[in-house]
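Per-chain residue numbering starts at 1, and chain names A, B, C, D and E are given in the order in which the chains are listed.
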Amino acid sequence: MSHPEILRLEQIEVLYDQVILAVRDVSLHLAQGEIVALLGANGAGKSSTLKAISSLVRAQRGEIARGRIFYQGQDITHAPAHTLVQGGLVQVLEGRHCFAHLSVEENLLLGAFARKPSRAQLRQSLERIYQYFPRLKERRKSLTGYTSGGEQQMVAIGRALIADPRLVLLDEPSMGLAPQIVEEIFDIVARLNQQEGVAFLVAEQNIHLTLEYAHRGYILESGRVVGHGTAQELKQREDIDALYLGQAVHLG
Amino acid sequence: MAFFLEVLLGGLLAGTMYSLVAIGFVLIYKASGVFNFAQGATVLFAALTFVSLLERGLPFWLSLLVTLAAMVALALAIERVLLRPLVNRSQITLFMATLGLAYVIEGGAQFIWGTKVHGLDLGISDAPMELAGLLLSPFDLFAAGVAAVLVVVLSLLFGKTRLGLSLRAVADDPLAAQAVGIRLPVIWAVVWAVAGFVALVAGLLWGARLGVQFSLSLVVLKALPVLIIGGFSSISGAIVGGLIVGASEKLAEIYLGPVLGSGLENWFPYVLALLFLLVRPAGLFGERSIDRV
Amino acid sequence: MSQSHAPAPLLELSGITLSFQAVKAISDIGFAVQPGEICALIGPNGAGKSSLLNVINGVYQPQQGSIRFDGVVRQRMNPHDAARRGIARTFQNIALFKGMSVLDNILTGRRLHRRSTWLEQALRLPRARHDDDVQREQAERVLAFLRIQPWRHTPVGTLPYGLQKRVELGRALAAQPRLLLLDEPMAGMNAQEKQEMSLFIRDINRELGTTVVLIEHDIGVVLGLSHHVVVLDYGRKIGDGSPEAVRNDPQVLRAYLGTRHTAPHRQGVPPG
Amino acid sequence: MLFTESGQFSRHYREDRRVFRLRQDRVALWLALVFAFVAVPLLGNDYWFNAILVPFLVLSLAGLGLNLLTGYAGQLSLGSAAFMAVGAFAAYNFLVRIPGFPLLLAFALGGGVAALVAVLFGLPSLRIKGFYLLVSTLAAQFFVPWLLVKYSWFTNHNTSGVITAPPLHWLGFDLGSPQGRYLLTLGVVVALFWLGKNLVCSDLGRSWMAVRDMDTAASVIGIPLLGTKLLAFAISGFYLGVAGCLWAFAYLGTVEPHGFDLGRSFQILFIIIIGGLGSIVGNFLGAAFIVLFPVLLSHLAGYLPAGLLDSGQVENLQKVIFGLLIIAFLIKEPQGLAQLWQRLRTRLRIWPLRY
Amino acid sequence: QTGNEQYFPLQSYRVGPYAASGTGFYGGFIDYLKYINANGGANGVKFTWSECETEYVVEKGVECYERLKKGLNGAPATATNPLSVGIAYATLDRSTADKLPLITINHGRTDSTDGSVFPYVFPLQLNPFSEVSAILNWIGEKEGGKAQLKGKKIVVLYHGSPYGKETHNIVETLSKELGFEVTQIEVPHPGNEQQSQWLNVRRIKPDWVILRGFGVMNPVAIRAAQRVGYPVDRIVGNIWANSEEDVIPAGDAAKGFISITTHPSGDSFPVLQGIRRDVFDKGQSDLADAKQFGTVNYNLGVVNGILNVEAVLVAQKKFGHKPLTGEQVRWGFENIHIDAARLKELGAEGLVQQLKLSCADHEGGGAIRFQQWDGQKWNLISDWVQADRAFLRPIIEASARKYAQEKGITPRDCSKEG
């Protein structure tokens, strides 16, 4: 790719509780404006890799035991999480993680604060998110804890997008969402990517859908990168499909 | 009747003194979800530090400043040693950690400043004035005023500012808060420092009344029912709770005491709080816990 | 009651309305589930699917409407009664008992089948010991069925997501329910795991004759697995019928599936 | 090969269900019991019995009582001392008012009365959750001593509200000597621990943990929340009540209601935090720590050069260290000493291998 | 070591809610022992001691007791002085079994005055009953004669603990006897909130308030009195509401507050001068805070030292000039007789009252003086006022008999002791 690189991981190793080795050896890179898929079975280490990048592993008794991470050319291996957010690197956590006692709108606002926007800017950003997710506009005053699972997922994604990020780490964005919304989300991803050049690193179980939108992909197994290539290549690799991605189910 | 009013009024004013301690509690609960049992110990620490400095000849304002600095230092230390390593752990764990913290602060304060009883004179008279046939102490009025100011300022801070929203977010889900770029250590340090300031205010007022000594840390037990009636996460709840507890316990002691036996003031607020809870399980103004499946 | 040869429905909801302050989560919904069928609930996010399950097993109390389960009509259930009368369920967000082992979790599901009292158990009287063996055997069968024996003594909190979902299913299954309510049992799974899970659910239905009500967003799975689909949107029922009928209903397509799903799905369970 | 496990597979569920699955554990347990019942009474001295062993055992029992409620059933309580007080004063009244009342029966009934009171204060637990529940147990904590002080009937009209242990006789044995009181305590404690261990391994124990981990899910499974919680309060109250009897009669010999104050409740809470929430051996470990640690420190202070620190300062310092230890435990070893112990055993089991 | 030592196990407290009392008391006690040692000991027998912090907590007190009761390096334990009603109660049986005198100076179980039932317990100088009786005698005097008490209103404000409750019944009895109206109001421990109690006082408008407090309760009471407008010079603090630490925190509100004492403050007594010379000025004082020298709590410690040492000296006359066992010291206590001449020898005139103990009477004195706080120091405002001991004695004996019955104790026959 001719684009400059936005993210590079060099032989990352992630250790939880000083004993559980969740990521053994992951190296990968993303160019600016690229959508890259991170694929792998449950427990392969996708989420851990993403949290390592966004510096959130430490909040879960984990640490990056080895390796280095560069974001826009800077070493961010040990940078505190908030500086990354300010630098345009945000993560959508797996499992929603909304602020249950805050309203939907307050959740979104919090996502925007990192940029220290003016009031007018805030309004504007909010409107944009509500355009993406009209459902959220309806529920804007409700406490997020009482909204449905899918609504919470929208809040989590909206909260990340409102920050005008350069790189978004999306962890299982489709989980619990209705098919229509899933598509919409990927459409939004594609649009942001094309129009504003936002880069995405997406960990997702719905492989086929993901590979449709992604440019490239990496396959993780037991905390290691065991394969990578363009989306096209990956789609064609039957063996990988069978091994890690599962096949269409045939019920007798 | 006049006597009834006097009791009522006295109770209400006494209640605001409880609120002062309760506010510190609420602050921390609201901003980090920590049920901070060490708030009482912090009150002791603040008052003791201040008085000891005063007695060593520092002028009033300088002592205040130095004490404030000490409270900030304490907040930083707590953030570093306690909150940071325990981030994302269960609320019960954090609660228990504050029990340990209470020991550390209590022991530390007395280790540094000794166990002597100190008098503290803020220059506000506690001698009663007669107002429309009712006895009122200027000191009580002053304390009530301070509490009112604190409540207004802190409510504005929480309700109307971005900082306030961030604080509430941290209490809800520290991990997500980090993910949206909130600086947890800073938030915590700020909140605990503000709570330290509130503790100092409470410590000075309580200290002026009781003398500055060990049992200051026990006022936390008076603040608990206040909190529970008001709800853990509401600053105005702390005031309303304080008023309710103050007034009702005095009335109960005076009018119920002769029937049931005196000294019921110690448990009465708890039983009252219990009754409140049965009707409103999260206190008058508290956030209900959300458990949907 | 009605036509004699059609078996009476196991579960019949009518006129269910549920609102939370301003939000109307469910309005006037009614449908029936026949014994032995797999009924899928689908619909956009926030349509009220989970709320409906909560109504069925008494976690939420509807403001209006009635629930007929196994011939008995009620305005409301309470969770405990529902459990006693044979309704078990799993949750959208895994609700396992995190501090306990897999086996213990499954054993809690057997609770209502116990014959000995706590005092007998505390004193280890013979009846309690015999009871222990019986329940343990049943639990082992569930473990074997779901192929999770190797994790028997593992605390569930440390298991991977997919296995946790399976344990949760096991806990519900251990109760030997007549009606099994499953809230997105396959969310967050990859295709292979979804396939396994689908097979489990189908086996439960076929071999044990358990009636299943299931919420699922993967339309492929839904079509492949269910006998009967109910579609909700904004708290209303907008479709009710066989999988094929529902799939071709334009209203359903618009509200839920989105345009690209008209073609048979790329993944998941093909119909048949 | 003391710690070998080879060949010890569970062939029947019955074996799998045993309180201790490994033979060496059972052997160790029997050895420990023999040691405690036979060797200790022969070897110990007054100081050990009166000042260390008896309070250690009683506090372990109280810890178990609270652990059942808090560690297993997940209901936070700061009223443990109040339930101890109820047990002690109830038993006292049985003994004083009914001549010749059997000692152990009085203990059991004392525990029973405490259980009733605990249920009373546990009633709100269905509606009130988490920290808010503290208010209920704190209400008990303040109300009970007040009641006992206020109505002198409870203290048999003693002017200052203090009760004194009647002579300790049982089946014709005089248990008044330090050894006697130790054996009495040990016997009661061992029996109740056996019962407790069975309980937590039973259905009720699982129901408690289910309610603790997620009560909505528990109720959906068919666990009656109120009944389960109340039973936790009752059984916990019973244990604490019996512990209160032992505290009053076998340990101090005399108590006033304020001897069971909030400080004691905290102490018991610390026992289970340090020992390990939801663990049975943890209660012993925690109690041992709570009893021995201050004694050890103040002994150590005795070796400090005179004048360096006066005893008051040592006490303050001890407070600080104690607080820090609690924090350190919560950070490093959230499961308490029980976990540490477990790890040590695992090491030994696989020794000399490391993993 | 020489083996010529007599040991004091000190269950002291210098932290916790009552730290101020403990620090002064044990400071004075230890300083006195040092003073004696500096002057050759008790007939050559030196005193040793070790401290064990109880924090005023009963279990710690018990642990300390058990730990120290055996003596130190062969020096036998002399007597225990826990200065806590709770610890005293908990070690009462133990010390009797161990034959170690238990000294509860100015406090304790009143009925332990009866030495025939409580052979090893000594509520020296002033038991709680004598305390109230003497206070009422003085109030009577003030009102112009005991008969004038009739119809007067008195409020007793007491600490919610066994110590506070101890006098509940006797006050009622005395009110019937003397005809005054009494209201007894409990202040829950620790007593840092007394508004409602004082509002009650305000409603009752009593002629006098007797304050039976301890620790914080005292300054808080004084301030609360001021707040409800009750004159502070109508409050009489009891024997544990009489120190500088009780009034200083109350600030100006305490000016005019009256309390009783058995041991006036000040450092002009020869014995205190001696301590100053031989201990304090040599930098050997136990006090961390030099200002506590000569305060009420400190002086009580000195008095306690004087009486403990006196018991040893008395016993030495009978058993020889050597270290004595607890049992022998007990004999010493029962034969203490301090008259004016002896007081002069001790350099404690005005600091200690005349005392005569016996097998049947473990209190011995029963007199108090009154002092008033002027904002700086205590000024004595009365001479020794005696309690009505003859009136109290039968009540005490009855109570002791009841205890003996409960415990299955056969009382000693005091006529055979000597």
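Basically, a contact is a pair of C-beta atoms (placed from the backbone, for glycine too) under 8 Å apart; a residue touches a chain by one contact, two chains touch by 3 or more.
Owing to the predicted nature of the structure, the values given are computational and were not obtained by experimental measurement.
Hopping across touching chains, the smallest step count from chain C to chain E is 2. Taken together, chain B and chain C share the touching chains A, D. The chain with its Cα centre farthest from the Cα centre of chain B is C.
Per-chain Cα centroids separate chain B from chain E by 37 Å. A separation of 30 Å divides the Cα centre of chain A from that of chain C. Our note on geometry: chain C versus chain D, Cα centroid distance of 42 Å, whole angstroms. Annotation for chain C: residues touching 2 or more other chains are 50, 59, 91-93, 95.
Shared contact sites, meaning residues of chain B that touch two or more other chains, fall at 110, 115, 261, 263, 266, 293.
Within chain D, contacts with two or more other chains are made by residues 146, 149, 216-217, 220, 312-313, 315-316, 319. Within the complex, the chain B residues that touch chain D are 35, 81-82, 85-86, 89, 91-93, 95-97, 99-108, 110-111, 115, 221, 224-225, 228, 232, 260-261, 263-264, 266-267, 270-271, 273-274, 277-278, 281-283, 289, 291, 293. Within the complex, the chain E residues that touch chain B are 14-17, 19-20, 23, 160, 185-188, 190, 192-193, 195-197, 199-200, 202-203, 215-216, 219-220, 223, 226-229, 245, 248-253, 288-289. The residues of chain A lying in touch with chain B in their complex are 54-56, 59-61, 80-82, 84-86, 90-93, 97-102, 106, 109-111, 113-114, 143, 145-146, 159-160, 163.
Residues of chain C touching chain D in their complex: 57, 59, 79-80, 82-84, 88-89, 91, 95-100, 104, 107-109, 111-112, 114, 118, 121-124, 128-129, 132-133, 136-137, 140, 171, 175. On the chain E side of its complex with chain D, the touching residues are 12-16, 19, 22-23, 50-53, 55, 57-60, 62-63, 65-67, 70, 85-86, 89-90, 92-94, 109-110, 160-163, 165-166, 168-169, 188-189, 286, 288, 399, 403, 406-408.
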